[in-house]
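Several structures are given next for inspection.
After this come two complexes, each holding subunit A, first together with subunit B and then together with subunit C.
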Partner chain A sequence: MNEPLTNAYYELLEEIQAVDFVLCELTLYLDTHPWDNEAVQQFNHHAHQSRQLKKQYEKQYGPLFQYGMSYSGYPWNWKEAPWPWQV
Partner chain B sequence: MWYYEKKLQYPVRVRECNPRLAKFLIEQYGGADGELAAALRYLNQRYSIPDKVIGLLTDIGTEEFAHLEMIATMVYKLTKDATPEQMKEAGLGAHYVNHDNALFYENASGTPWTASYIQAKGDPIADIYEDIAAEEKARATYQWIINMSDDPELNDGLKYLREREVVHSQRFREAAEILKEERGKKVFF
Partner chain C sequence: MFSQRKFYTPYTSPTDPCPPIEVKSYETPPQLYLGFQPPCLPQYASAKEALHRGTLWPALYSPYESPYKRGDTGE
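After this line comes the complex of A and B, so read on.
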């Protein structure tokens, strides 16, 4: 990516990290509490929210995933967003 | 199959170039109780563990790779601008001679990672208790590194990782109870 990263980039990234943290916690919790219906509902709610946020991120900064989990622009734009250790 | 996601699990910030801290942090990269050992231990044990805890080993093992990337990011940021002289002063002279400023799977005293750090006994209780112990050792190691660190921004990331060890230990303790219950149900002829 050629443009310098803005505050908006970091804010959106942190929003994704926050939602994905909820999903991570719920994943491990549900692995040992599979019958907690409320937790399953929370999981599905946040999974939806995470997808919406990532759609927005990818539109602005490029793909988060490879192997077909994200769409590509032209030319191939895997390198568009900075690598995680570079921000 | 695994998918890589181009983001860190939690933001990593460091205040300044600090190879001395990087030397300590390497313990959690390629040390006995580090993130690489954790990921490889759980993902290898899961094939022979009872079905009820395969999901947990898969998911915690996967999260460990996200932690490995966070540690790598910390080490990278702390050393990328270090001169050979600074590396030497930080006790990383031998590392520099061997690897320049590249990362390597070794512990804080430079011993390369080895599979003898981890075990797979095939006995579910033995394996899950090893995993609980591993999480507690990793939690303690994070605390010792935090005690040695003078970078508050780095410590924020380290405290996050320390808390993840606490949660993993808790989930493994629950898995131990699930395994004991399963074992009780088995009918022997």
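After this line comes the complex of A and C, so read on.
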């Protein structure tokens, strides 16, 4: 797993980052606007989308999270490069 | 050019120990004037743009212009 990261890798990662940013913004917004139905629907839509993107990422590039938040490859490979700061 | 940075000139006294700072400035982001955010504000079209802008709503967009790069002498 030492070949350099492809463009597609970074694009997918940025997409995940963008969706998670929207979720973060909506979380803060909904804290003060719990009755805003449109925002809740948007939040659930993005939550689903985020889950899909992460599943897609993990299928190609390995686990994103630990402690059961992600499935593991075989053999146990969460410690493989690249680490987050190397990405 | 519209900017959220505002300028003022502090009083400088002849007895100031250090060389005076002639012009000082501060940022005035939109949330200062917004109060309680109304629902259904228009949002950026794509999540990626929202990420690059740093907010989901154009009304709250606040680019930080460094006073040092721009030269902090207001128009």
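Please note the rule applied: the second predicted complex is superposed on the first by the 84 of 87 C-alpha atoms of A that agree within 3 Å, B and C clash if a C-alpha of one lies under 4 Å from a C-alpha of the other, contacts with A are read in each partner's own complex, and residues count from 1 in each chain.
Methods note: a contact is a pair of C-beta atoms (placed from the backbone, for glycine too) under 8 Å apart; a residue touches a chain by one contact, two chains touch by 3 or more.
On a predicted model such as this, the values are computed, not experimentally measured, just so you know.
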item	value
Partner chain(s) touched by A:D36 [first = subunit B, second = subunit C, both, neither]	second
Broader residue contact with subunit A after superposition on the shared chain, subunit B or subunit C	B
Which of subunit B and subunit C A:F21 touches, first, second, both or neither	both
Which of subunit B and subunit C A:Q66 touches, first, second, both or neither	first
First (subunit B), second (subunit C), both or neither touched by A:P84	first
First (subunit B), second (subunit C), both or neither touched by A:L13	first
Footprint overlap on subunit A, comparing subunit B with subunit C	14, 17, 21, 25, 29, 32-33
Subunit C-facing residues of subunit A, complex	14-15, 17-19, 21-22, 25-26, 29, 32-33, 36, 38-39, 46
In the complex with subunit A, residue positions of subunit B that touch it	1, 3-12, 53, 55-56, 59-60, 63, 69, 72-73, 76-77, 167-168, 171, 174-175, 178
Residue numbers on subunit A that touch subunit B, as the complex places them	10, 13-14, 16-17, 20-21, 24-25, 27-29, 31-33, 63-67, 69, 81, 83-85
Subunit C - residues contacting subunit A, complex	36-37, 39-40, 46-48, 50-51, 55-56
